[in-house]
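Two complexes, one shared chain (subunit A), two partners (subunit B, subunit C).
Moving on to the complex of A and B:
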């Protein structure tokens, strides 16, 4: 059987850090209960102009992009046949599963009339031309695909439990026959809904700031930045695991990812600036208002990895790779926040800043993700075996 | 239908012959065809196909029968304000027999009808307008001494396709409501062995008829229909589903009396007996008479009366609650306030928490970076040793 992965089950789960995360998550549950008892208006600052606050923009738009690690690595490993990155795929899938799972949960929580949500799955109730429907169905399907992609890990754990070996092996052999299909779906579906997240901005029309309203280029920019964020989160998470669990660094793998990130960012920036030039919007870059300021901060964050990773020495350096990855994560997140919230203009009179409970719920969801991730790597064989990774 | 070689169109986008024949500009003509194709959910290719089918001077013959009715469908067809609409409908088809539009009268017209039916046997389109009375062998409706029953059966024999136009022809209409002394019935119920396309409505939307006929002219067959014979493109959805007052229904804002606050605000008319939740039609998207501006019953503030739905229009009391086929409104609704600005005084705290979260991310990054730096040196030397 597969001995390339190991669970960190010799480490205690209930560390002070883990318990802190659980406590923060519990705080979120308190505010969510208020949300479900007194309605969404009682805990958020959402209004008629800003129907989408940070719950949608962080949990779904940014959250799924951060959950693209599984997608980005699946494309690299299976589509481009770069087998050497295989040791990274299980932690990436675990992160994707958590990221998408919480995105779906966030969407449900953010729905004013969540009790109507099931209609999305009834073909005679839907509008097949809707971008929202595409995202909703596609994300829902992808979560199922992620569960299936992740299930070999759970089955490996199961066969070690007494009395379950035969069943686990039977399921594993059944799964192996069909897994290629789900891996293909796992590449197709995120390509679809990540680009649709960009299409949202097309549908929002003039409400989106001219510097972010790139119309038919939106889906391409969205999917490119989601890709880079996926790779960046793999590096970020890997670095934290390395120091947190005192494991061997995976820098030799990350430097390859760094090269891919550079190419993707370069393409993103070239396409974005080319579009602004063709659309005659370059002047807006020097308006020195909120929009142009945010744009330059974003561009600086996008450019940082490009500049730093240009030197091969920096690409071999774990710290530089981590800084580049975090810069990329911030750039991609800010790109989404700016377009959907910061420079978003729904018309005169409306303004929005998240309420305290909104921020706490979002922070608590991140804490819950971290706690669940720790639980997963300490229970299931997710991380590559030390001797294997170092070899 | 064969193309007439004398007027074969070499350039597929040349509609100058149509311009001359119909007296409309090419632009108006193509806009009309595109609009019809779009209401089918078809693309521009279909619009061009329809345009070419209309441009073809060879038109399908049509026999048009009237039974028990008020001629509402024909009236609505003729009164539509679409540019040259009646021009198109009269030039699109060869209307060989139509009891209210024929210039001629008497037995000569009946003769022409029989001749046309003989000549175009198996090729003509039969349009039935009005109900067919079956009681006492159909003596309640006679044309030229022939009962509507016999006229319909005779014309249906050689018809290429049959269209029942209006609620009366589709399911019996007003005269079929209880006690129905004349035994009025619709064409599909009478012609049980024939496929009948129904365009119900009282009066029906002319666009639904024209679209169906255009489809027939273009593709030589009738469009997809539901179990009641209605074209799915027009009658596939409940009025309730596409109604622009629907958000008020979902939010629990109802007009409860004519002229009350809710009625003046344009709220949902469900509690005034609107039958939109049980009536299948495309009124909300097409509106009526091509004048726009919300001209259709619900648009002008009157509850839908269900005129096109069998068992609803003329059968259920006008102000009784409709049977909601999708979702019944819940008993408790969340309150809705259109606030514009965040009223919460916790914004500073919110910003602080958000800042702390981002700070934690950056702090963790720097700390990890430092550790990695140290590790890289020891790690590399370790690797060398191993």
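Moving on to the complex of A and C:
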């Protein structure tokens, strides 16, 4: 089994790029320590109307959607039994683990009374109707599931360390007996909390722009877009790894994912426009204000992959696939940013634009994710073995 | 799985999600009803003279310092609700701002504090019951001992009332608790709220929601220009009355029905949106949100069924793979 994957351990870890990422991450730690000493207001522009800024909207709402690669591939491989995509699953799981791990970290940093967080785990204290409770518990559980799903990779590495082989094999065989259940759980949980990220918008009511306030449809649109972003991130990351490490392209696999993405985007757009028509909101599309402008930019970004990937020739072209994936990632991210921040309007007197330290913290978390990802693929057998992927 | 099965499964997913959406709409819970002995206030903007005695009294009761302006603290210069201000008087002005309660070239006062919603968004969204609606009085209270500081209450409040103290490493949420929080307990002691007690014109009137709603409707039924004896303090036992000509009120009491209604209601001569009231229908967003959540998660039935199905599929498909020799 272990001959399918390889660690890129023949490449140096401490490259200039890696060290730059670590330096940026360290800068974030400086500003975070200010936050813990002087309060959230000392490093952010949050206020009474905008209670959530980029720490919530990027780190959690967008960040976990970008971490949906593991989820999207698990559904494809294990529910729809498309085994040929299996070589992509480990890098996707690694990204998911990092995306979700940093989302949890971001949530903790943004939490104004973090020392009380344990109350979310006390059954007599929680409010079962709360979307925040669902997201909190579900994301926490999913991170554990991701750790379990990723552990075969670590065990494969461990068995090669002197003196650990027998133990690693014993754990692995125990794990294999239960892994199917954790894979199923790893499909259920993101379906739940990714839809809940949309449900947040319901209770925000009138503050959410009419074009984004889809009420009962919120969870469905959120989970569909997260799913699409998951596939797109797999293609995006795979393409970067191919170029960065000069590996064989995995275009033959990505073109299949491209087809799935087309179906999902089509469903998303049809449901969204149908809702706007039924709710009588089509007029707002032509209001020529910030809302309508952002909506059309989003729609163009969603539509681009749909149009480009319609041609089978483009689907076999690595570059076209990458462009389509980037467009899709931007579309899904913008959809979330627009709803929660750009067109979100709590009324006169309030405005929000992130403070520089706020941006630095978020950028530093992305840098830390990249650095950790490089460490993981250079240490553990995550990437498919060259001959295998090309086969 | 071949292509046909793939499409079958996709179709199944689409049908299931359509069914979930349909049943969410069907399951949505109605708005909550007012608490049986709901306590509230009626703010009549046409009676307010902008003296801010209520702001000052509120600070005194809640132990909060005045908001300075250019270092001056001879008055409270709070412009809006904040972690230092639970109650504020704002002024709306148009054109020359000469005539009180006139829409054109006029001005009008507006009191902002917690509306103590009948179906409170903050209570509905709070993950840990840090915000609660009292079962009898309907007062919406806050417990900082369990609050995790996620600030979802701020996003879920249609009036932007809860205010987190961003300038404190151990900040809390701050909101009006109708002078009945631990250590204050004015209502439990049979007193009225600080702001209603301090109000010299009866613009802020204290009482039960039922009595206040009756009073509001009585005022609205009067002929503009007629003299009315306006009560001060507690509607059930007013301290005194004063005579004033009845203005032309807006045709609705703000808070009778808006998003399920509020226990703190407003009367005004100018349209409520001019006073910064949000665009609300009768349906509370909390009720829609809870309807969706309970359809998807009641007794965790749907997730359990889904997990069962997923587990079966994953087990079957991983065994297929093992037989086929691939991982």
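As a working rule, the second predicted complex is superposed on the first by the 390 of 391 C-alpha atoms of A that agree within 3 Å, B and C clash if a C-alpha of one lies under 4 Å from a C-alpha of the other, contacts with A are read in each partner's own complex, and residues count from 1 in each chain.
The working rule: a contact is a pair of C-beta atoms (placed from the backbone, for glycine too) under 8 Å apart; a residue touches a chain by one contact, two chains touch by 3 or more.
This one's a predicted model, so the numbers in the text were calculated from it and none came from an experiment.
*Asks:* Based on the superposition on subunit A, does the combination of subunit B and subunit C result in a clash or a fit?
*Replies:* With subunit A aligned, subunit B runs into subunit C, so clash.
*Asks:* By the touch definition at the top of the document, which applies to A:249: first (subunit B), second (subunit C), both, or neither?
*Replies:* first
*Asks:* Could you say whether A:349 touches subunit B, subunit C, both of them, or neither, answering first, second, both or neither?
*Replies:* After superposing on A, A:349 lies in contact with both subunit B and subunit C.
*Asks:* Just subunit B (first), just subunit C (second), both, or neither: which does A:52 touch?
*Replies:* second
*Asks:* Just to be sure I read the superposition right, which of the two partners does A:318 touch: subunit B = first, subunit C = second, or both, or neither?
*Replies:* Only subunit B is touched by A:318; subunit C is not.
*Asks:* Contacts for A:202 in the overlay, against subunit B (first) and subunit C (second): which applies, first, second, both or neither?
*Replies:* The answer is second: A:202 touches subunit C but not subunit B.
*Asks:* For the three-chain arrangement built by superposition, which of subunit B and subunit C touches the greater number of subunit A residues?
*Replies:* C
*Asks:* Give one of first, second, both or neither to describe whether A:120 is in contact with subunit B, with subunit C, with both, or with none.
*Replies:* Touch status of A:120: second partner only.
*Asks:* Under the stated touch criterion, which partner chain does A:134 make contact with: subunit B (first), subunit C (second), both, or neither?
*Replies:* In the superposed model, A:134 contacts subunit C only, not subunit B.
*Asks:* Identify the partner contact of A:379: answer first if only subunit B is touched, second if only subunit C is, both if each is, neither if none is.
*Replies:* The answer is neither, since A:379 touches no partner chain.
*Asks:* Quick one: is A:41 in contact with subunit B, with subunit C, with both, or with neither? Answer first, second, both or neither.
*Replies:* both
*Asks:* Just one of 117-125, 153-161 or 171-179 in subunit C runs into subunit B once the structures are overlaid; which is it?
*Replies:* Answer for the clashing stretch of subunit C: 171-179.
*Asks:* Common interface residues of subunit A with subunit B and subunit C?
*Replies:* On subunit A, the overlap between the subunit B and subunit C contacts is residues 39-41, 47-49, 112-113, 116, 125, 349-350.
*Asks:* Over in the complex, which subunit A residues touch subunit C? Could you list them?
*Replies:* Going by the criterion above, the answer is residues 1, 4, 36-42, 44, 46-49, 51-52, 77-83, 86, 107, 110-114, 116-117, 119-120, 122, 125-134, 136, 179-181, 183-185, 187-188, 191-192, 195, 199-200, 202-207, 215-220, 263, 267, 346-350.
*Asks:* For a test of understanding, state which residues of subunit B touch subunit A in their complex under the given definition.
*Replies:* 250, 326-327, 330, 334-335, 337-344, 346-347, 349-351, 353-354, 357, 361-362, 364-365, 367-373, 375-376, 379, 383, 386
*Asks:* Would you pull the subunit A residues touching subunit B in the complex into a rising list?
*Replies:* 39-41, 45, 47-49, 112-113, 115-116, 125, 236, 239-240, 242-244, 248-249, 251, 317-319, 322-323, 326, 349-360, 363, 366, 390
*Asks:* Quick check: in the complex, which residue numbers of subunit C touch subunit A?
*Replies:* Touching subunit A: residues 1, 5-6, 9-10, 14, 17, 20-21, 24-25, 28, 80-82, 121, 123-129, 144-152, 154-156, 158, 160, 163-173, 259, 276, 278-280, 285-286, 288-290, 292-294, 296-297, 303, 306-307, 310-311, 313-315, 317-318, 320-321, 324, 326-327 of subunit C.
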